[in-house]
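Shared between the two complexes below is chain A, which pairs with chain B and chain C, respectively.
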Partner chain A sequence: QVSELVQFLLVKDQKKIPIKRADMLKNVIREYRDAYSEIVNKAGRILLEVFGLQLVEIDTKRHIYILINNLPRAEGQYLCKDKEKEKMGLLLAILSFIFMKGNSVKDSALWEFLHLLRVYPGKQHNVFGDVRKLVTEEFVRQKYLETTPIPLTDPPEFKFQWGPRAEKETSKKDVLNFVAKIQGKDPTFWASQYSEARATS
Partner chain B sequence: NTVMATQMTDAHRRFMQILMSNGITEGSEARKLHQHCCETDKVYYAHNKLDDFINTINSHLQPLFMQIRKGISEDDGRAHYAVVNLAETEVTKMASDYTEIELELFRKTMDLIILSENGFASSTDILNLADQLKTKKMKKKEAEQVLKLFVEDKWLSEKNGEYTLHTRCIIEMEQYILSNYQDVARKCNICHSLAIQSQVCESCGIGMHLPCVKKYFKGQTEPRCPKCNEFWSYDTP
Partner chain C sequence: ENREAMLSSKSNRLTEALEEANRLFDGVCRAREAALDAQFLVIASNIGKEKANELHSEMSAFDSAAFAEDLLTFMGINRTELEETDDSADDEPCVFLPSDAWLKMGEEALKYFRRAPTFHYMMGSFKSEPPVPKQRIERQKKASRGKAERAMPAQLKKMEESHQEATEKEVERILGILQTYFENDPNIPISFFDFVIDPNSFARTVENMFHVSFLVRDGLAKIKVHEDGLPVIEPLKPSGGEEEDSRAGVRNQVVINLNQKAWQ
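So, the complex of A and B:
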């Protein structure tokens, strides 16, 4: 059971789909329900020991898990596949924007920011394809971003924040350093973001 | 000291992660990766000891029914590495990436390829299969797109409008193919691994990989079949 669960988790994680406890019970654990915690704990230990991946529960109410990389991030070309690398670049830009603007932005502000990067939600992008779908669906499903409707808005508006996977896989400190590097300034230039980054690291 | 040698380090874990995300990694890339991982995670780098490094990982993968396996490309004879699921009874790694109907198309394509003389199936023949799928008929345009995906994901490789199994597919599915196509699947007479593309002796029917043929007949002016000694009628590569 444990090895089946490890395989199951690895496969789901390849797509960065968060894993629900219900799926684990139905597809893998099945009749061994009583041993659920034991099986999950053992699988978690193996994932860490052999693959350097950490099984993290990001939603303790609905019991949803993701695998995050426990290895220190490496520089350079081996980071991830090319298609993924570009998407991650875009994501980092979005996460930075959200952080620098106080951790929450309106969707209209986000689209305006993307226009500056010559990425237009209405048009097909030659690398990212349907950008609106990528940002509002794929990144949200993967838990990199969280989107919530703003009440009493008509037509409905949404706000974007960091999702639980972003919080686990990167840090405000990393993001601030990234922004600082791009703008050629010292991170302390942004006093409130700097103290927030220090506080949460 | 074998106990020390079998400890997993972050370098091993990093190597494993990248191997899994690559799907298939060519030999010299794997050696570079070995060095990169050791340097990144500050682990002693034993130059040219990639196989030992991999064996350490494999000893930990064994209880999980997984293995890093080395396979030889039928095209250029070069070594490639892929992560294999040994407990597979079905094409399970593909199962998560494709729909039922796409998987059916793949299985039927694999049938065509394995049953063929030369290990290739023409795109016309594959597209005709799309019409006959049990799950649901697939339009030719859709099938063309799916074929493209199979090539992108390295399950199939394409040459001049014909398709054969990618080295990745052969490494990952060798067990599955040998057990499910027992009577039809060919094994190379030289290296005894599964042979999808091969040259076959016209007299006695044994088959050999092209790179294996090249090595075996190197320097021989009169190539003869290793089994029945008849003239080898093909151009040796």
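So, the complex of A and C:
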């Protein structure tokens, strides 16, 4: 049962959509419901010790899990499809913008920022295609971003924040370092962001 | 409505609006007015939050435009092109960036994420060939499965029929063999066991006994016990008439016990 669950989790993780406990129970554990937590724990151990992956519960109420990499980031080439790499590039730019702007941005502000990068959510992008869909649907479903409507706005506006997957897969400190590298400055240049990054690592 | 105006950090308009709301509320006596007041407070607090946010980032002066420019530089934007085509309309902005711009960005980005590598089955050393035939096979399978299913009900019936037929045929065949043996020499009784036993197959032996039993049941053969105690078999001529009937009355039921050891 445990190895079945391990395989199930690895395959489910391909699209980076978080895995629900209900799916695990239905597809793998089925009749062994009572041993659920034991099976999950064992699967987690195998994932960690054999694959170097961490099974993290990002929603303890609704029991939703993701897989992240436990190994320290290695320098050099990453085995990753080009499409995935490009999306991660865009994502990092967005996460950086959100953090540096105080952890929450209005959707209009985000689109404005993307325009500066020659990415126009209204138009088809030659790399990302339907950018609006990528940002508001795919990244949100994968829990990299979180979007909440701003009340009493007409037409409705949304705000964007980091999603739980982003919180686990990267950190404010890493993102600040990225911004610093890109701008050729020291991270301490942005005092409040720097202290916030230090506080949350 | 005057959101932008209120947002401006130099403006006290938000404070003024709040003060006025306070004054107005004293005159409220209907529920609808109170609801409007509540609505106003929500909007006001949102604006207040935004102002606070702006204050926060202003403290550390993050210039997103400069950040964007630096990102483009990192991605390898060609700036001379940019200056030349500044007059042209903004239809093809992507022209300014090299095609691997975002790829370069992504390579760098991966260093900042602890992303689990996506799991794929390793298909071995074969590269692009398998996918193509696989599709064809799948389509063929689906097509043939459809046909097979349609053929199944018809086929199944046939099979059942043919089972019976097979048995009947076998029985006939055995009858033929029995008759041939008997005709060759009617005086030598044919040992039952010699007849049914297949020295090479126990299963076949049992099958033979099974088929012979039909012959006996239908009155086409009879088994009698020979002098030496062993059963012998001989064909009967099925003839209509009373003789048959009287003989049919002398039927016996015999159970033959034969297991594999005995067979050997």
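What we mean here is this: the second predicted complex is superposed on the first by the 200 of 201 C-alpha atoms of A that agree within 3 Å, B and C clash if a C-alpha of one lies under 4 Å from a C-alpha of the other, contacts with A are read in each partner's own complex, and residues count from 1 in each chain.
Just so it is clear, a contact is a pair of C-beta atoms (placed from the backbone, for glycine too) under 8 Å apart; a residue touches a chain by one contact, two chains touch by 3 or more.
Only a predicted model underlies this, so the values are computations on that prediction, with no experimental measurement involved.
J.: So, does A:104 touch the first partner chain B, the second partner chain C, both, or neither?
T.: After superposing on A, A:104 lies in contact with chain C but is clear of chain B.
J.: On the A-aligned overlay, A:11 touches which partner chain: chain B = first, chain C = second, or both, or neither?
T.: A:11 contacts both chain B and chain C.
J.: Figure out whether A:3 sits in contact with chain B (first) or chain C (second), or with both, or with neither.
T.: first
J.: For A:175, using the defined touch cut-off, is the partner it touches chain B, chain C, both, or neither? Pick first, second, both or neither.
T.: second
J.: After lining up the shared chain so the two structures overlap, which partner does A:162 touch, if you call chain B first and chain C second: first, second, both or neither?
T.: It touches nothing on chain B or chain C.
J.: Looking at A:65, would you say it contacts chain B, chain C, both, or neither? Reply first, second, both or neither.
T.: It touches nothing on chain B or chain C.
J.: Quick one: classify A:184 as touching chain B (first), chain C (second), both or neither.
T.: second
J.: Look at the residues of chain A and decide whether chain B or chain C touches more of them.
T.: More residues of chain A are touched by C.
J.: First (chain B), second (chain C), both or neither: which does A:50 touch?
T.: First partner only, chain B.
J.: Is A:91 touching anything from chain B or chain C once the two structures are fitted on A? First, second, both or neither.
T.: In the superposed model, A:91 contacts chain C only, not chain B.
J.: Starting from the residues of chain A touching chain B, keep only those that also touch chain C in the other complex, and list them.
T.: On chain A, the residues that contact chain B in one structure and chain C in the other are 10-11, 14, 53, 69, 71, 75, 78, 80-81.
J.: What residues of chain A sit close enough to touch chain C in their complex?
T.: 10-11, 13-14, 16, 53, 67-71, 73, 75, 78-82, 84-93, 96-97, 100-102, 104, 113, 116-118, 120, 125-128, 150-152, 168-170, 174-175, 177-179, 182-184, 190-194
J.: Within the complex, which stretch of chain B touches chain A?
T.: Within the complex, chain B touches chain A at residues 8, 10, 13-14, 16-18, 20-22, 33, 36, 40-41, 57, 60-61, 63-66, 85, 87, 92-93, 96-97.
J.: Using the touch rule from the top, collect the residues of chain C that touch chain A in their complex.
T.: Going through chain C, the ones touching chain A are 39, 42-43, 46, 53, 56-57, 59-62, 64-72, 74, 93-94, 96-97, 102-120.
J.: Considering only the defined contacts, which chain A positions touch chain B in the complex?
T.: On the chain A side, the touching residues are 3, 6-7, 10-12, 14-15, 46, 49-53, 69, 71-72, 74-76, 78, 80-81.
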